[in-house]
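Multiple structures follow.
The two complexes that follow have subunit A in common; it is paired with subunit B in the first and with subunit C in the second.
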Partner chain A sequence: MPTVLACRHLAYAYPNHAGPSAGTPLLQDIDAVFPGGQVVLVSGRSGAGKSTLLHLLAGLLRPSSGEIVADGQPVSRWLTAHRDRWRRRAGIVFQQDHLVSDLTVLENVMLPLIPRSGGPRQWRACGLAMLARLDAGDLAPQPVATLSGGQRQRVAAARALVDAPDYVVADEPTAHQDLDNARRLGRLLRQTADRGAVVVVAAHDRHVDEWLDVDQHLILDNGYLQPVP
Partner chain B sequence: MKHNRTAQILWAGRELLSHPGATLLIALSMGLLTTMMATGLLLSQALTATTNRLLTQGPDLVVRRVTPDGGQPLNVKTAAAAMAIPGIIEARPRIWGTVRTPQGVVTVVAADQQAIQRLKVPDAIRAPVPGEALVGSGVTVPETDSRLVLQGGTAITVRVAQRFPREADLVTHDLVMLHPADARLLLGLAPEEACDLALTVFHADEAEALRPELARAFPWPVHIATRQDTRKHYATSFGRRGGLAVMLYFPAIIALLLLVAGVVRQQIGNRARVGLFKALGWTSRDIVALQLTKALLVGLPAIAGGLMIAYGLVYAPSQQWVGTLLLGWQKTSPLMYLDTGYAAPIFLEVAGIVLIPYLAAVLWPSLVQAASDPQDLLNRGA
Partner chain C sequence: MTRHPLLLAVFTTDVLTFLLILGASATAFRIALHWDQQDTGAKQLRLQARSETAALAVTWAFGLHLFATIALVYAVTNILPDMVPGAMCGTGVLQAMHSSGPRMVIYRLVGLAILWVWWRMEKVNQSLPEAPLVPINARVVLLALPVFGLALHASWEAAGAMDFQQPVDCCAVIYDQFHSLQEARRTLGAGNKVWLKAFGALTLALVAAAMTAWKSPGRRWIHMLLATLALGWLPIAAIALVRVLAAYHYGVLHHHCPWCLFLPEHHLAGFLIWAAWMLVAMEAVTALVLASLSVRQPPPVWRSACDHARKAARNTLLATLLFALLSTGPGLWWRLHFGMWLTG
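Up next is the complex of A and B:
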């Protein structure tokens, strides 16, 4: 069965502990299919809910209603332990990179590999190879505190892709990148999709077509996700 | 590819080293707690075991002649009256007393070679000849001169020829053994007189039952002490001060509670990291396993170190504080006897008391966090 991620009547409202925003609907009745082998771009203004949608797709949040379906399975309804296992197949690039400040660049990239299999030598080799593909190999031994914003994003992208995930969600992955590095990441995301993975990228960059080869473009507006004609 | 447990342990070690200060502080706290708890309990056990061991070398019964004014010497021939009682297999007249030296009060005992052998000291130790003394480690003589001046009913001077080994210190610390003739002269006893009778019975359990018959066997009032009476005397004496050491236990429990609270707080503060790890594909089980491995990497060496220090404090030959705390000795301390049948449960008990709350403090927040959504943890930990 080809890899596919889908939303069915997906809705999300801020939870009760979210202060003044509690209960406010952010995403409403979203029906969308993200097929494997395609790069899907989700755009929209700031605060439209792009990050929340990506977090829902990556299994980091549970929807208020509706469901996320991965390869025909309603993963958003699964118990925590099952969702944990499913999440192993997903790679995420956060908007705020979320690198671990007390680890080196290479150790940050190795993080998804550690609970799986192999040993330090394999983790190291995989991490270095992925960093090299993003032209960040020389950063490997550095502490992440010394990196620029663009370098941090490349490290975060390497971490998301290091384990060859079946589902990749990338939230503004090139916000601080120059065009060369953005194109390098765009090529890598394309290659990831070409091997059958689902790739969903959120960006509000107007020049996104300069670095990313998009198969499907969706726009999030007022909580609804619609295709861009 | 196989799951590599060693690699997971290495990673847990790497994580600990990323916060060396906090790791070291927790390890030191646990080690200190373990030392405090184990020392008190081990000392109490060691005193009991050592005293019991030494008392088994003593007589089953001791008979002393008493008068309204106190003790009175008895004639050595009265030993025959005791030997006439069925069940008593040996009656030894003993000559002993406390006398003064320029350095303080010492206990003088008259001994022949048989008495020395009964003490189970090394073969090299010989019974003193007239003019010589065999002394415990607490008896001091001038460095330039090995002569010891003893002031009893009469003053005598003897040469310190040998010393008791430290293994016997609990009973020989302030002991001066003399030839019987010297001891009688010093204590003002006539040639046929002794201070008391030490009796050995065929069945040690029957010692108590022999009391009434013994009391009737002598023509004057006697005081009869069994080994159990002596044990109680020692137990009361040591127990009073040993209790001080056991009291270390209570502040240690309070310190343990503070440590647990600190660890829980640290773990709760760690939720953003847990959320990130979950987002990166770590399962709840992976996270709990990582936290458990980290806790064991810190806890087990700390507890083992704490137990080793406690062991050294109580049993090491160079330790001084036991004698100072319990007996008021200034220079040397008794060597304690280790009864593994009692010490091993103490080690396990203390290790459990420290390790289990620590592991609970580490694992409980981890289990709660593991059940949460990653984004929720990331938001709350931000």
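Up next is the complex of A and C:
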């Protein structure tokens, strides 16, 4: 069965949200399919709800209504423990990198491999290989506290992709990258999709087509997700 | 009313347990009214999130209640006898509590049994991503609520009823039930040997049924047989222990006291023996509930329920063997050591 992620009548409103937009859902009645083998770009103005949509797709948030279906399974309605286990199959690049500051770059990248079989030697080899693909091999022994914003973002991308996940959600993954590094990451995301994974990238970068080969482009506007012709 | 720290801890735990159950019951009530597994509307999704919180609250309540019950039994058997004049074990303490004492014990044990069954069903529920047993478990929580309310009330009454100035006569309760030696050797019209033989026969039958249920999952009739045998075994095992076998723990005949087994001079054996007895009751009922549940459910639930029913049957087997070993062990040792039974 090919990997596929889908939203059915998905809506999200911040719980206990107060303010002028109180009661208005951030996302409304979203029906979308993210098939394996495709790179899907979600764009929209700042604050449109792109990050929220990606968090919902990755199982980090519960929808207010509707559901997220992964390979036919309503994962958003699963018990937390089962959803957490399912999330091991997802690689997430957060807008804020969320690296563990007390660990080195390589240790951060090795983290998703720990629940898997194999041992430290194998995890180390995988981590180093992934860092090298993002031109960050030389950063491996450094503490993450010493890295620049762009370097941190590449390490976060390496951590998300090191485990060959079935679902990749990347939130503004090249916000602090130069074009060369952005292209390198774009190629890696393409290769990830080519082996059958679902890849969803959120970006509001107008030059995204310079570094990312996109199969499907969706735009998020006023809470609704629509295809860009 | 005493302000012993352990009793205050027990009472505080009881209040907390009741509040947890009460909070979970509010969610359980909504689940009973509105739950629709297939609905993806906002109301149902909120209920799903709340059901997880409620399950966590009941799990905590179960743990707290278990702790409080063990602590209370310890207090009743090992602390309060020193404070109640004339009391030598839990019998005297319960006497000082008047009718509230036995009621408190009964409500607590019924509450424990209900939450035990809930806990085992929740394990089946948690093993499946879509939590299909939420509505059934919610009803069990609603069933537990009045029992825990009564248990809390009875505990409060029992604590208030205790009179530390009025002496009790522990032994009068034990020995004054008999007018003759002949009477001491009979229970409910049957001789102690009859009870002992019935205990032996039922223990063998229960072990065989538990073994079969453990090894042959998915057969509801064997779980039904196991539960029936267990329900028959429980009073007979209790009578055989208190009337015949406890004598070998005490080293004296006709001291028909279930509470003295909890005393340090008898190696606190009562805690293990009565825990095994309770476990037989709870696990046999669990095995039956899970086996019955599996019949009307789709295959994933059926498989998980069967697996847990099997484990419940295995636990029944182990608890029965533990009870038999601990209750008959001292008697057998006595026979081997002295070459004769206490009765000659």
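Methods note: the second predicted complex is superposed on the first by the 221 of 229 C-alpha atoms of A that agree within 3 Å, B and C clash if a C-alpha of one lies under 4 Å from a C-alpha of the other, contacts with A are read in each partner's own complex, and residues count from 1 in each chain.
The rule is short, and it goes like this: contacts are C-beta pairs under 8 Å (C-beta built on N, C-alpha and C of every residue); 3 or more make two chains touch, one makes a residue touch a chain.
Just so you know, these numbers come straight off a predicted model, no measurement behind them.
In this superposed model built on subunit A, subunit B and subunit C occupy separate space and fit side by side. Contacts of A:159 after superposition on the shared chain: subunit B is touched, whereas subunit C is not. Touched residues of subunit A, counted separately for subunit B and subunit C, are more numerous for B.
The superposed model places subunit B and subunit C at 40 degrees from each other around the C-alpha centre of subunit A, with the value given to the nearest 10. Applying the stated contact rule after C-alpha superposition, one finds that A:204 touches neither subunit B nor subunit C. Of the two partner chains, subunit B and subunit C are each touched by A:81. By the touch criterion defined above, A:119 reaches subunit B but does not reach subunit C. In the superposition on chain A, A:183 makes contact with neither subunit B nor subunit C. Contact with subunit C, but none with subunit B, is seen for A:66 once the two complexes are overlaid on the shared chain. Once chain A of one complex is fitted onto chain A of the other, the partner contacts of A:217 are absent, as it touches neither subunit B nor subunit C.
Across the superposed structures, the minimum distance from subunit B to subunit C, using CA atoms, reads 8 Å. In the superposition on chain A, the residues of subunit A contacted by subunit B and by subunit C overlap at 62, 80-81. By the touch criterion given at the top, residues 40-42, 45, 48-49, 52, 126, 129-131 of subunit C touch subunit A in their complex. If you check the complex, the residues on subunit A that touch subunit B are 55, 58-62, 80-81, 84-85, 87-90, 92, 94, 98, 100, 102-103, 107, 111-112, 114-120, 122-123, 159, 163.
By the touch rule above, subunit B contacts subunit A in their complex via residues 1-4, 6-8, 10-11, 14, 18-19, 273, 276-286, 290, 370-371, 373-376, 378. Against subunit C, the residues of subunit A that register as touching in their complex are 8-9, 11, 62-67, 73-75, 77-83, 86.
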